[in-house]
Structures are given as C-alpha cells and as structure tokens.
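We just call them A, B, C and D in the order they show up, numbering each chain from 1.
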Amino acid sequence: MTQLTQATVYGLLQGGLFALVAVGFSLVWGVMNVVNLAHGAFVITGAYIAWKLADAASVPPLLGMLAAAACLFAAGYLLQRLLINLIVNAPIWMTLLLTFGLDLLIVNGLVLLFTGDFRSIPTGYATSGLRLGQVRVPYGRLLGFLLAVGLTLALVAFMSRTRMGLAIRATGMDRGAARLMGMRVRHVYAVTFGIAAALAGAAGAILGTVATFNPADAGRYTLQSFVIAVLGGLGNMWGALAGGILLGVVTAWGGQYLSGTLVNAISFGVLVVVLLVRPTGLLGRPYYELRQEA
Amino acid sequence: MSAPVLEIRDLSRRFGGLEALAGVSATVGEGSVLGLIGPNGAGKTTLINLVTGHLAPSGGSVLIDGRDLTGARPWTIAKARVARTFQIIKPFRGMTVRENVSIGAMFGSARTASPRRAAARTDEVLAQVGLTARADATPQELSVAETRRLELGRALAIRPRLLLLDELMAGLRHGEIDAVLELLRSLKAEGVAIVAVEHVMRAIMSISDQVFVLHEGRELTRGNPAEVVADPRVVEAYLGERYARRSREAGRA
Amino acid sequence: MRWRTLSVLILAVALGAVACGTGKTSGGGATGGTLRIGAALSLTGSLAREGLLTKQGYEVCRKVINDKGGVKVGGSSLNLDIAYQDDKSEPDVAAQLVDRFNDDGVKLILGPYGSASTEAASAVVERNGQVMADSSGADDKIFTKGYKRTFAVLSPATRYASSIVRAVAELAQPKPKTVAVLTADDGFSKTAAEGGIAEAKQQGLDVIAVEPFPAHATDVSAALTKVRAKNPDLIIGSVHLEEGIAIIKQSRELGVTPSGGFGETVAPPTPDFRKTLGKQAEGVLGSSQWVPQVTGQDKWFGTAKDYVATYRQQYGQDPEYHNAEATAACLALGLAVENAGSTEPDKVRNAMASLDVPSFFGPIKFDATGKNVTKPMAVIQIQNGKVVTVWPKDAQEAPLRWPAAGA
Amino acid sequence: MATSTPPARGVKAPPTDTASARERSPARSPWLGWGTAACVLVLLALLPSQLYGGQQRLLAGVFMFVALAQAWNVIGGFAGYASFGNVAFFGLGGYTTAVLMVKAGWSFWLALPVAGLIGVGFAVLVGIPAVRLRGHYFAIATLGVAEGTREVVVNLPRLTGGGAGITVPAVGPEATTSYLGNYGFYQAFLVLAGLSTLAVWALARSRFGYALRAIHQNEDGAAAIGINTTRVKVGAFALSGLLTALAGAIYAFQQVSIYPDRLFDVSITVLMVVMAVFGGSGTVFGPVLGAVGLQFLSEWLRTHYTEAHTFIFGAIIVVAIVFLPQGVVSFSRDAWKRRRVSLLETVRTYRL
C-alpha cells in the first residue's frame, strides 16, 4: 500500500512537470497548426540558461527560471515572426521539417557550446523532503510541481482573461475572421510561439533542478509533449495539465506492476488507444475543432 | 411500377444536442427535379450528405432505386449511380481538367477500369459541360463558372441516375445560370433524377417539378414551385417574421 | 515534361560526381614516415560526451608517441596520424566508416565508443582483414563470435558489477546479506548485471530483486519504489552516467537507504557524477577500468601517475578512465606495430595476439578471443568528494568505508 | 522475390504505354527520361567494379534511403497522409528477418519475403483504424504505433534480445545465408530502390495513383465519385509498408547486429519525410533526388565538419524549407514551365 501511495505521489509530482513541458507544445499546435519538433530543444535550452546563470553568477534557480523564460520568449517570438511565419500556410509536414531542422540546429549548437556533459542545477533544498508516514514528498519536486501547475494555471487565466489571450484563441479558431476583426495575426502568432517557448524554458529550468540533462535529452521531451498534447486535446490547456498528470501517474503505476522496461510502451499504448477511441483528446471539446485542416 | 430513384423515409441526423435533420421523407422519380430550399442552417447540405453517405443518419432510411442503402459509405452510393456536387468546390489540384473528369469515369458506376478506357467517357462529359477547349488547363486557371462546370462534369462522369447539386449556381451570372439550366434540362430529359439545393430562386423555380422547403431540420411545406412561393410561411422562414408581416401589410395596402 | 529528364540528369551528374570524387582517394597505412590509423567516434549524438573523452585519450597517445620519436618500424620511425570521423553515435555509421577507412587503405583501427558501435565495427574489421584496438566495447558478446582481429584492452563487461560485489564481500564489515540489482536495458549493462548477479550468488549474497529500466532513463523512481519495499543491504546499479545519477538522486528523494550502500558501474568515477550529486555522491562505490594507483609502466607513458601528469599538462584536468582506456588501446596498437616490425595488418594482428606487456593501464595481454583478461578491474569509492581506490588491495589508497551510505 | 532478380533486368524501366502517355500530355517525352534513367541504372550496376567496399556501402545506404523515401512518398506524397511511423515497418522487417534467421534458422532469401509480408500485414492491421484519422492525427497515431512497436520488441527479450539487440550469424557454420558483402548489399539495395521507383512510376499513372491523388486533394469528393477511400488508403499504406519492411530486412542482414533503438529510430522516419519532401513529394523522381542529395550532403558535411556537421545540416534544412517548400522537382518544373526562377515567389505563397 505504501508502495502504491508513494508511486502515486511521485507520479503526480512528475506529471505536473510533464504538463508544463507539454502545455506550450499543445498551445502552438492548437493555435497555429504547427507541430514544433524543436520544443524539447527549447526545454533543454531553458535548462542550460538557468544552469549557466547558477554556475557562473550564482543566480538562484527561481530567478534563473524567470531569466530562461524571458530569453526564450524573445527567441520564440523572433523565430515565429522571422521564420516560421514564412511557411505557416504550407502543408503540415513543412512546418514539421522546419522545426526538425531547428531542433538539429539548437541541440547541436548546445553540444558545441556546452559539450554533451550531464548538468544539473544545484539547489539548497535539493533532495530533502516531507515525510508523511512512509511516504516521501521531496521538496525539490514539490516546488517544481507547484511552479509547473501555477504557470499552467496562469496560462489558462491569461488565455481567458486578457485581450491577447482572447486574440490568440480567436486566431486559433479562425485566422481569416481574426484578421478581419483587425488582429495583427503575425504578431499574435509570434506572441503565441513566444509564450510556448517561455513555458518550455521555465519547465527546463525546473527540470534542471530535479534531474540531470544534456542536449541529447531534447527529443525525449518533444515526444512526451506529443503524447500529452494528444491526451489532453490539442490547444487545450486544461487538457495538457490533465494529460501530463495522468501520464505521470499511469507510468508510475505501470512501473510498479509491470516490468520497468514497459514504461514507454504504456504511454504510447495510452496514446494510440485515446486516438482511436476519442481523437479529440480526453477532455474533448477542443475549441479549434471547427478550423479547416489545411 | 418501378420504385422511385430516390426515396428517403423519416431521415434524421443529430449533432450532439443539435437536431440538424428531423424526420424528413421525400421521393424523387426518374427524370424529375426536386428543388430543395430553406434558410441557412435548415439542413439542406446535411440531407445531401446523408443520401450520399458522407454522413451516417441517426434514424430513418435512404433507398436508391428501391434498394436500402441507409448508412452505406459514399463509394457504395456512387456505385449505385448517385453523384453529387459540393458547396465548397475543391477540384483535384495538380491534375488537368481532363484528369479531374476522368477520375469519375474511372471509378464511377461505369467501372471503366484503366485511365485509357475512361478517356472516351471523359471526352463526352467535357463536351457536355463545355470544357473541351479547357481540357488541358489546371483547375487554378479556370474562371468561377468554369470551376462549377468542372464540378458538375466530375459528377456526370459516373453516369448518374441521381444527381444531387449543392448550390451549384451560387455566384454565377445570368447567362451562366441559363447555360447550366440548359444542361440540367437535357439531363432531365435523359431520365436523370435531380435534387437541387439552391438559393437562386429564378433557377429553382424554372427547373423544379416539386419544391421542398426545409426549416430547422423539418419539412415546412412542399408542392409545385408556384404554390410554395405563395406560401407565407416560406417567406417568413426565409426572411424572418418581421419582414413577412411587413410584406403582408404592404400587400394589403 | 522535361523536368523529369532534367531531374534524372541532375541525379546522374550527382552520382557521377560522387563516384569520381570518392573514387580517387587512396593511400597506404604507412606513408612517408607516418602511420595512419582510423578512428570512428561518437562526436555528436547521444554518446558525444564519451566519444570526446575517447578522442582525448587517443590524442594524448598520438602526441606522446610522436614527441618521443614515433613508432619504430624496421629502422625508420613513423609518426602517428589518426583520422577521426564522427559516427553520430550510430553503430551502422561506425561500421560504414570502418569500411571507408579500408577503402583508403587504413588497416589499423582504433575502436569507437560503446559496445554497440564496437560490435558493429568488429564485424567489418574481420571481413576487411583490418585490426582494431578496442578501447571501450566491453560487452562479452563481442568476443563470442570467433573474431580474430578485435582486441580489447579493457576488462570485459562481466567484471564491472562483479568487481564491486567481490570488493564488498571481501572488505565490508558487516558483510551485506541481500542485494538488489538495477539495470539499464542495453547490451552492456545487462551483461554487466548478469556478471554481478552471478558473483553475488557465488559470494553467498541473496539477490532479492532485479529491476530493469529503459536505457538513458532519467527517472528510475518506479524501480526504486519497488526495491525500497524489499530493504536490500546493497544496491547495485548496472548503468551509465545519467541512470547512475538518477538512482542516487531519486533514492534520496524516495528515502531508499540500503543498510550497506550503493555500488554502480561506469558512473561514479566520472567527475560529472560528483559535480552533479555533490554530497549525495559520498560513499558510493564504483567500478573503474583504471585508477592512477595501477601498477606497471611502459616506455611511452611511464607509470599511471606519469600518465596523469601528462594528461593534466595537455587538458588541464585529471584523466577519467575513459581517457586512459583510449590511450591504452592506442598504446597497444603502437606496441604491436613495433613488435611486428611492419604495418602489415596480418603481422600487426599476430603481434597484437602475442602482446604481453605491463603498462600504465595495467597488464595488456589478450586471450584467444581478444579480451584483456589479466587486467584487474578496480573498485573506487567517493570519499570526501574524491575518488579513492579501495580495491584490489594492492592498489588500495584508503580502506573501504562501510556502511557506505549516509555519509 | 525482388532481390533475386539481377539488377539490370529488375530495374531497367520498360517504357511501355508511351502512346497513351503522350496522348494525355503531349509535352512529355518519356523515352528520353526513361532512357536516361535506364542509363543511370546500368551505370550504377557497373559502377561497383570502380569502387572500394566502403564506397559501395555508402552508396548502398543511399539506395536504401531512396527506397525508404519512395515508400513514404506513396502514403505521404500521393495520398497526403503524413505517416510519422513508417520506421515501424523498417524495424519490423529487420526484426522479422533477424529472428527468423537466428531462431528458426531460415535462409535470408526466405526470410526476406516473409518480412515484406509482415510489413503488409502490419500496415493493413494498423491502417484500417488509422486512416480514419486525418491530418495531424494520422501523423501522431502512426508515430505512436512506431514507438509502441519498438517497446514491444524491447519487451520480448526471449525472441528479440530486448534492448541488447540481436545478432544474425553472418559467418561460420551458424550462418544460414553467407554474408552478401558490400557488393551484394549494394546490389540488393539498388534493386530495391529501382523497384520502388518503378512501383511509384507505375502507380503515378495507374487508376490507383489517380485515386490517391484525388484523396489527397479532396477526400470527400473522391469518395463521392466512387473511390473506396478506405481501401485505397490502406492499400497505399500497405505498399509503403512492404517497401519499407523489405529495406529493413536487407538492412538487418547488412548490419549483422541490430538494436531496437536504431531500427525504430524516429529520425529514420524523419529522414524519409525530409528526403521525399526535399526532392518533391508526390512526384516520381523527387524522392530519388532528395535521398541522393541529402545523403551525400550529410556525408560530405560529416567528413568535412566532424563536430559541427549536424548543426550545419539543420541550418540547411531550415533554409531549404523556407525557399523550396514544394521540393526541388516541383520547383524546377514550375521554373521550367514559366521560364522564371524565383525563390521569393514561393516564400510569398506560404508565408502568413
């Protein structure tokens, strides 16, 4: 029983982080119909920024996270504005290939800059944790979880409460109409991509405090985002949160009852089943359903 | 007595909570034209989609030539010699006008297997819709009217017994409409049954044997064109109650 | 339409150009006072870190040997010239590169990084009649295929975990009774785990759990949660660096505290392990192919201590065992060429097979399958943030701290 | 099966049906095109005598990617269903071959067609539910299937060796088929590449090919004129699966030792897509051009920029996609037609 509770708690904490990793990916996909294969590279870049700040200037991790988010927002905005906007109207695999190229560029750029060494951002609280009977709740992960969920909720609020958020949603539903209503679609897209990159960067910085990273890990986070975005429904922020946490818990449980090597099989199994049974994602009702596929 | 070409019985379709079509019945016989009118969102396109198998009905049945084809897939319906045009016209880009038409000839009921053997039928249809001269053009190079004729040609290539037209004439000029009407009359004379969804009243009135008015997924009325046009409920459904009242008052004055 | 013709023509020109461009290259293994050696390494991709370490090891070897007059072959002395190619951490590319080296007449090969790439390369080496000095492919599987041209200077995979078990069994007081084995699901780690399990049984330890997880995992919490319930005295991780760090880190998070301690293959001797884990690394046991306390010396690198000094001079930091094993492979190849008195691959191969020398890396002597069986594996422990050799006894720097955990 | 035919016969393109081809599209001159293609193939068949083993192996790899890109072209380029899981067929083909040769002691020549059949069977099995999904959803579903298949292979260690891989005995008494050598694999992959291109060429002018293109452009419209879209899509997926599985089968034998991580590597799928799209998806020669061009480019970069090559490769992809999003073949075709070369024009077409 303790074992299962422990696994569940840990899975939940992991899941919150998964959600933050994936939410930007889902947003970009939902709003712009762009599958950003460089998303994992953004996550890792965020981790490196926070790590470099901590390593060279002893910047505390929380501040490092904000810095990483800010840097990536700027980078994401410019990338979309100057590059991805150029081919947004092309068939879907064009954007896929463009972002694949970006992924190669960023990941190998990081290797050239920082080598392939494994890094980790040191924190004071590191691995100490709360004890609830036999169950442990590590502070580092708890903080990461809270930050991740907080940021995801902040995004939800942003999307539903602010003018820009509404503009993003409107553009996602019908670009033509949004443009007619006077929205600067290029700017809106760029902001959307910037937000997604910023969240990825923040996620990377948090991940850097609880785990190790090196550039080669980028692909893993992209793939994970893929699974979660589909689970939650594309562009659905609540869905990403639910999908992330679900994935965290399911893999944790799977790890307890099945062979450890089956962990990945479980998540892809869930993915395929969801797609076949309920392609709009677990929470259904994606607001972009009406948009015509290019 | 032979069965009507198309018979729909009590046909319904729900989208979640929305009842797009609720228990509609109708028949169309050989060589006759059913005009299907109604305001936007009345369920006209839904009805066509249900007949051609692009949507599965929630209830009721569709009979083609007396055969129950309820819920059959579109290609099965097409093999029963049912053709249609789409409201949003999407020709097969990257192929010439000739190739666009020949696909219908290759796969339709006629089952002319190879691209080569479909060529004869293709030429026939191209002549019929007046696109022979444009046969080697790409769809992007066509005018609006030519695109509509291509859409019709693609449907005709399968030698339909039943033809369903979804706003084929929208946005066409007078002369162009007349040309299409001419073509439809000749098809009618050949015995093709036609269901035409149309907003262009002039066209619908001149060609329909019977007009069927849909409103909010239900039958509002049906009858010959003159009767239907005179029905105040139709005007009301189309133009809203206030307008109808005003026009009645105007009529009295 | 003409474009089809056009594209076919472009294609023809491209293929022709390539055929001509690549068809002309040639050259012997030894030309004009240099000895050309090929090395396909993981310079990009998932093993880029280890690939770079291996390259550094080869470079130290090249520099030292050339500075000391090169390799003497029948009166003349040849300078080493190592051609590096990137295999992108993909075994098929490594194999293809070895073939390309063969095209260029390069018959002497220094091994790629990792068991998978080495295995792929060794098959090609065998077919082409090349000779390969393997610096890092430890999986015993490579040596069961009857290959006669691949020689590994390092101890085989089965020794990694088993050395830790032996060290603990010999030195630990109280001697642990139960052991849990966590293993990454790749060929090398699985072979190492099997070796460890066999040794544990022989030493009378009770193996109470064997938990596999995917290779390159950074989350091993599921395996740890399972193991925690069984309360083992010793946890052995058959892993690479990232999984090794994850085991220690997440054990702390989850409160997995074996009464004895942790032992891991590969990970603990590397500086990244200590840097990343800080105090948590304290007390962890690790197996190492090489430690600076190794006895023996050779004419080029002197003793292990000398090697450390040489390496520091070139790269400004202490060598890891990955560096040392790479240098040793290069050293073995150089010695074999000298002994053969020729750069002929067959003669070098025979000289390699009969090599029996001491070196800074320990004794180098290959058995019939090409494994270096005489060299012992060392066991180290992280004590006060330093890597300290605790086993074998003749190389011991400091006694084993036991229980190792909770330092 | 495919590879048992000598390459010259297997791949020489029979220029049949030229009369009707000319009739359909008078500008075409198939004799010239196919004559050149045949010359290239004959040259390629003779080339190995001029090459070293490693160069043969390099070219064998190029041919493999030609076959893979063509296979993707069938489902992605023609049908417009962007499969991101084609590597599943590659891995399955490879593992089928390896397992049959190792565990059942089959000859490679027997295992090869079985691998192809497994590819077809798996494509049908996956395709029937998956082709109901459109656009991105199909891409993700296939990606999920590929990753899932890898995990299944990893978790059947008794059969497949699990994560540690499996080794096909290639020499000595245990070898069921003696190793083909660099020249043998060169031929095998050349035949496969030729057959794939021939298959795509035949497909492009067949009823089936028209059906695929119609589905690509307007699926509802295609169904409305009698095309059984499900059957056609599954058929295309199966053809794609067949070619990919055959490539995987030959690859497994060539590599001797195979590992799930490599045989189900998602980057192999991505490469297929990049190559097909780069050359021109939905065209017959685009994927050939893309595969050849990109393989040599990446090889050249790898040799000349040992550490930065992937970085540069990424940059080249980014630039190429922005300026040539429709692929080299379509771009040159349009430029030829209009007698005008304008990179900026394509940018204007797709930008926001």
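Operating definition for what follows: a contact is a pair of C-beta atoms (placed from the backbone, for glycine too) under 8 Å apart; a residue touches a chain by one contact, two chains touch by 3 or more.
Nothing here was measured: the structure is a model prediction, and the numbers come from that model.
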Pair with more cross-chain C-beta pairs in contact, given B-D and C-D: C-D
Chain whose Cα centroid lies at the greatest distance from that of chain C: B
Where chain B and chain C are represented by their mean Cα positions, the distance between them in whole Å: 73
Distance from chain D to chain B - Cα centre to Cα centre, in angstrom: 42
Centre-of-Cα separation between chain C and chain A, whole angstrom: 36
In chain B, residues with contacts to at least two other chains: none
For chain A, residues contacting two or more additional chains: 108, 259, 261, 264
Per-residue overlap in chain D, given as positions that touch at least 2 other chains: 25, 154, 162-163, 307, 310
Pairs of chains, among all present, that meet the touch criterion: A-C, A-D, B-D, C-D
Chain D-facing residues of chain B, complex: 52-54, 73-75, 78-79, 83-84, 86, 90-96, 98-99, 102-104, 106-109, 113-116, 119, 136, 154-155, 157-158
Touching residues on chain C, where the partner in the complex is chain D: 1-12, 14-16, 18-19, 22-23, 43-44, 84-86, 88, 90-92, 95-104, 116, 119-120, 123, 126-128, 141, 145-146, 184-187, 190-191, 214-215
In the complex, chain A residues that touch chain D: 29, 33, 35, 37, 83, 85-94, 96-98, 100-109, 112, 185-186, 189, 219, 223, 226-227, 230, 234, 259, 261-262, 264-265, 268-269, 271-272, 275-276, 279, 293-294
Interfacial residue positions of chain D with respect to chain B in the complex: 20, 23-25, 205-207, 210-211, 213-214, 217-218, 220-230, 282
Of all residues in chain A, those that touch chain C in their complex: 2-3, 6-7, 10, 14, 108, 111, 115-120, 122, 126-129, 131, 136, 138, 140-141, 210-217, 220, 251-252, 254-256, 259-261, 263-264
